[in-house]
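What follows is a single structure, and I will ask about it in a moment.
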Amino acid sequence: MYAPRIKEFRRAYGFEEVAIVPGEVTINPELANTSFSLGKHNFQIPFLASAMDGVVNPEMAIKMHELGGLSVLNLEGVHGRYERPQEALDAIAKASSSEITPLFQKIYSAPISEQIIGQCISNIKNANATCAVSITPQNTKRIAPTAVEAGADILVVQSTVTTARHVSRSYKGLIFSELCKQFTIPVIVGNSVGFNTALELMETGISGLLVGVGPGAACTSREVLGIGVPQITATLECAAARDEYVRRTGRDVAIITDGGLRTGGDICKAFASGADAVMLGTPLSQAKEAPGHGYNWGMASPHPDLPRGTRIKVGTRGSLEEILMGPSSVTDGTMNLVGALRTAMGMCGALTIKDMHRAEMIIAPSIKTEGKIFQIQQGNA
Amino acid sequence: MYAPRIKEFRRAYGFEEVAIVPGEVTINPELANTSFSLGKHNFQIPFLASAMDGVVNPEMAIKMHELGGLSVLNLEGVHGRYERPQEALDAIAKASSSEITPLFQKIYSAPISEQIIGQCISNIKNANATCAVSITPQNTKRIAPTAVEAGADILVVQSTVTTARHVSRSYKGLIFSELCKQFTIPVIVGNSVGFNTALELMETGISGLLVGVGPGAACTSREVLGIGVPQITATLECAAARDEYVRRTGRDVAIITDGGLRTGGDICKAFASGADAVMLGTPLSQAKEAPGHGYNWGMASPHPDLPRGTRIKVGTRGSLEEILMGPSSVTDGTMNLVGALRTAMGMCGALTIKDMHRAEMIIAPSIKTEGKIFQIQQGNA
Amino acid sequence: MYAPRIKEFRRAYGFEEVAIVPGEVTINPELANTSFSLGKHNFQIPFLASAMDGVVNPEMAIKMHELGGLSVLNLEGVHGRYERPQEALDAIAKASSSEITPLFQKIYSAPISEQIIGQCISNIKNANATCAVSITPQNTKRIAPTAVEAGADILVVQSTVTTARHVSRSYKGLIFSELCKQFTIPVIVGNSVGFNTALELMETGISGLLVGVGPGAACTSREVLGIGVPQITATLECAAARDEYVRRTGRDVAIITDGGLRTGGDICKAFASGADAVMLGTPLSQAKEAPGHGYNWGMASPHPDLPRGTRIKVGTRGSLEEILMGPSSVTDGTMNLVGALRTAMGMCGALTIKDMHRAEMIIAPSIKTEGKIFQIQQGNA
Amino acid sequence: MYAPRIKEFRRAYGFEEVAIVPGEVTINPELANTSFSLGKHNFQIPFLASAMDGVVNPEMAIKMHELGGLSVLNLEGVHGRYERPQEALDAIAKASSSEITPLFQKIYSAPISEQIIGQCISNIKNANATCAVSITPQNTKRIAPTAVEAGADILVVQSTVTTARHVSRSYKGLIFSELCKQFTIPVIVGNSVGFNTALELMETGISGLLVGVGPGAACTSREVLGIGVPQITATLECAAARDEYVRRTGRDVAIITDGGLRTGGDICKAFASGADAVMLGTPLSQAKEAPGHGYNWGMASPHPDLPRGTRIKVGTRGSLEEILMGPSSVTDGTMNLVGALRTAMGMCGALTIKDMHRAEMIIAPSIKTEGKIFQIQQGNA
């Protein structure tokens, strides 16, 4: 009979499905240079703290700056809505599981205050820290000028899925090329996962692209909407778009893998897939300094009628410095993330992050230790 | 030595193995049109409630109609056998696990009454609701005329596996082309999973095709018989048959993915695979209004000597309106299913269900959150 | 650099990884003919009870014959070693987990008695039942003549891995072609899994081939030795050898899938892979009449220094007749196995077992019901 | 639009994903010759005990020699740092889970003593046992001469990832070709996983290559660094390099699969992948004679700021002789490892280890016994 033409699908890969192959040359870890730049800003470590209320407040932004990285403050979170955000954060930490989603919906229905936003940014700038802030596309035209005027150094425009071509009836679409011209500071946009979309966004003049739809621990887009692309594939696609864009224009755009990274291993794999930096939520929410009190939750959690994320208990592991720089006394990959990156770069013979992009990877599903034969005493060996 | 010719198998995919890739264009969700039609009947939402006794009674049929969808009443279930079906439903809800299959076998051995059937249909029609009823092929010749005379608007002929060519010794096979000519109302037939079978059934003049063999939560055909096709592949095959049939004849036939859909994510993936509508069992059995009192069971569960399904405890999540239209206060994809569909259509830039058929999908096994590193506080984030 | 030539492996498939696709034609199950023949012996149902001490004793052999199938009595088990085997069986059922392997090693070190063997066979023959007996290759020359003289109808020569070319220093190898000539009764040989080996064994004149290395629930060859081939692939390979052998010689040889079959679904998939019959251990050990008292264990379990299997608690599900013929009151595929086969043949439009060989299969990993959303009340729906 | 060039990955395989196919010829196990040689040293059994403190002390080295194998003593472990290493080993066995990683970091910060090293080697040599010792590349120039002078027969230079081309600022890189010329005893180097790296290392004159990065039960390189290659693929790659090296030079180099082997099945698969010998950690740490008192831990566990492994409770299974030579009274593949290898060689018709390299393998994910239908009474059948 007739042979049908059935849609064929590509296989996509996530962190847990691949591994890095050591290089044919190795270097000592202290030779590895992990620096990363965004516009005129240079960072010793290529890690951004996520624009999540459980991760970043002004104090974390200052601390992260001191350690060589960058934090992004969510201007539409509690720090942009409440003069005393600590009360909201305390209520979130104390709520029971059944209360939490309605509580999110209530807390995040308070209005965003331009005055409070300005104060937050000033606090960060007064400490001489680089200040990056995030806004959703809907609110960018209204809030971005306030933020820039208050001294923001980097503007992040972030929603679940962002394209250069958005059709809307209720508000005039945000045109990224106009935005990039309007402000002289670097603009980071996201999130995105595909080659063509990434290339179109780069052509608007952005300085960085956030990569990731539906991968994070605090995100349930995959269950609620069916939408999501595993991060290795998403990063490979967007990095290929960057390489093509650099080839065409000579201008570099930073690929920033955002979401779903939990361990040093995940981070190293993101760089081997082509990332220039990574944005970390859960790993940094485990710092003593994190505002979430041992909890974390995503931007889509408080959605009034279709929440797509929830509060996750992440616990507290150590100081931000210990999590980033070590020393680690745990063996599950959640501490000394910079040391892990340097060590992996050493094993791959990578002197720079760009060298790390050329590391070989293989498809190798995670090793599951069999509980039957021996019991593990600590961590997830 | 001699190189043997070994049968090669195609890889088939289920909901949990694929994900939708966001589009290169996005639209605002309120621009998404989710409507669906069947013959002269138009529905605002492309959802059918399954012909299961735990899901549909006349009251649910009326409520579903008011919300813009369609319910199918199983004429061979308790509502076609008992004047007071509530007693049987109560007994099912109260039975212990060891009693349940024998109880099913007993309850479903009562005779089907044409008088009771007529009364049920009248109740639905008196409320001005569209009335769809289901019958098995064996009983269609006997019961269908009664149902049509009583006012049924849509006739569903449903069995585990249905083909246009069935060989039987004990009864003269049902010929679908004669059935479609005999009645002027739309006929939906199923279930089917393959391209050729789907095409042959369309050629008999049916208006809709139910897709799915062995995928549902309340179904054990896969364990008992080894027979079953995962729903993404089954929907792709039958949708390809529809496209071919439309190409040849210009007449459209509705592809209705039936069974195995549990979350908004599953529903969105069915549409991305080519479905025009979906038939929902478990998700709607969780409505307060559902007749199953928090339980659900399949059509093959009461089989006298080879039962292939059992009673599943589904619990109660909210009103039918909340499950379909939201607002949701859970984050696991089981509420606000219409909102989820609209949001996903927005992210894929799909203005209509037909646009959604062109969304890209990838093979991406479900993300399993590792319980080791953090504990989830609510839902399945 | 130099591109290495790395060994490439074929992908092999087991029961849980494939599913049968319904046919384009369907038939009523009562039209399905499940018969199977071996030499002059005809069987209504294509099921053999395994030569395991927990499955077959003379009484089970008689009962199985009455129901239309065939049992194989292990002459090297307790029924060939003990006048009162019930005592050994009782001890096995009562032993603790830590005692069981040493107990096996002790019980199976008792000598095999030709007198006891003769008595067992007579008991079966006196009931007019077909009598099949199994021996290992090492003992065949010594025991087979006794068994044939006592009236055995079918001779099964079985070891973990059997080839037509075995090299031994300690005993002169068994030559199957001589064995098949020596006795006029049908000889079944196994186990085997590959095309070439199967073809070579068929050329020695055997009537049936047992297929399966390392797949059974009571077998740990895969863990201990690393050796094993999943049953779908093994059956496909051996069935391809049979088809080639029939093409060359015109003589048919029965392919008997042996081990690893647990449900009606597994059984139907074996036939769709090319099996002419299946040999069942665990499913029949669950019969009230089974000698194992709710336990089962394999032929390699009592090995004196490298045991490769253990005692499995299988429980008791119903009478042998209920397990084979139904009616079933469970929904997990473990009862009414013949009914399941007939129903699946109906859905595939298969009038005979040979028709069933042409059923289409797909690669479709088992559906794992998510415990999160609903709880299953009975069986493994 | 533009079609991107996305990195493609090879699929890599681990022990649990493959199985050995029986041969077309079989031999009796007593005909199998398992011997293995390294320089002038011949070993009856191709097993090396890992250079781990929970596995090898001088007494184990002597016992292993008596049984026909080889032990490697870690000169940088407690036996090279403490006169009374038993105290450190006792402290490790008694520490709680939360104390263990800091305790490791403390214990392994004591200085390495050349005098203690000399004494250990003398103890082994005085018992007429072959003495193999391991050192990391950083310490090789300093410690190796002491070890050789004290009588070491075989030198193992081992780190997580070793290449012939290492770039360092802090110490002049170790040049393996100079090392191999400097000492006349065989040099084993590792660990390595890739074809090119393996070939380059062989060209330096080494006698053996340790294969494995990140696979062991006591190793968390995969979680911490993202780096690791499953052992089947790693062994195939390095064995292909050996075959190529032998083709070019006529000189053989031993491929020694190191890490991740837990059962007889794993061991047999390593040989079928091309290994000449295997290095065993966890299986031998379960011997009564093992110094770890039922615990095991890896070389990277005590790393001062990035520990990559932890203490694993392995328990005690029997004497070293029982684990290697049987008889076994367990059925999970952890005892009588030599018997398992001989039996598998028999089923593959392999008279020598080199023959075993030609055994066929298939991709066949591990059989997961379903707990639902029956319970296993002992071991992991």
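For clarity, chains are labelled A, B, C and D in written order, and residue numbers in each chain start from 1.
In this text, contacts are C-beta pairs under 8 Å (C-beta built on N, C-alpha and C of every residue); 3 or more make two chains touch, one makes a residue touch a chain.
Quick caveat: nothing in here was measured; it's all calculated off a predicted structure.
S.K.: Enter the minimum step count from subunit B to subunit D; a value of 1 means the two chains touch.
M.R.: Each step joins two touching chains, and the minimum needed here is 2.
S.K.: When subunit C meets its copy subunit D, do both sides use mostly the same residue numbers (more than half shared) or mostly different ones?
M.R.: Different; most numbers are used by only one of subunit C and subunit D.
S.K.: Where the centres are mean C-alpha positions, what is the separation of subunit A from subunit C, in Å?
M.R.: Taking the mean C-alpha position of each chain, the two centres sit 55 Å apart.
S.K.: Roughly how far is subunit A from subunit D, going centre to centre by Cα mean, in whole Å?
M.R.: It comes to 39 Å between the two C-alpha centres.
S.K.: Could you list which residues of subunit D touch at least two other chains?
M.R.: 196, 233, 263, 332, 380
S.K.: Name the shape of the chain contact graph, picking from line, ring, star, complete and other.
M.R.: Contact pattern: a closed ring, each chain touching exactly two others.
S.K.: In the complex of these two chains, what residues of subunit A are touching subunit D?
M.R.: Interface residues on subunit A, with respect to subunit D: 13, 15, 18-28, 30-31, 195-196, 199, 233, 236-237, 240-241, 244, 263-269, 272-274, 326-333, 336, 339-340, 343-344, 347-349, 361-364, 366-367, 369-370, 372-381.
S.K.: Quick one: which bits of subunit C touch subunit D in the complex? Just the residue numbers, please.
M.R.: Going by the criterion above, the answer is residues 1-2, 4-7, 9-12, 14, 16, 97-98, 100-102, 105, 160-163, 165-170, 192-194, 196-197, 200, 213-215, 217-220, 222-230, 233, 260, 262-263, 282, 295-296, 301, 304-315, 332, 334, 380.
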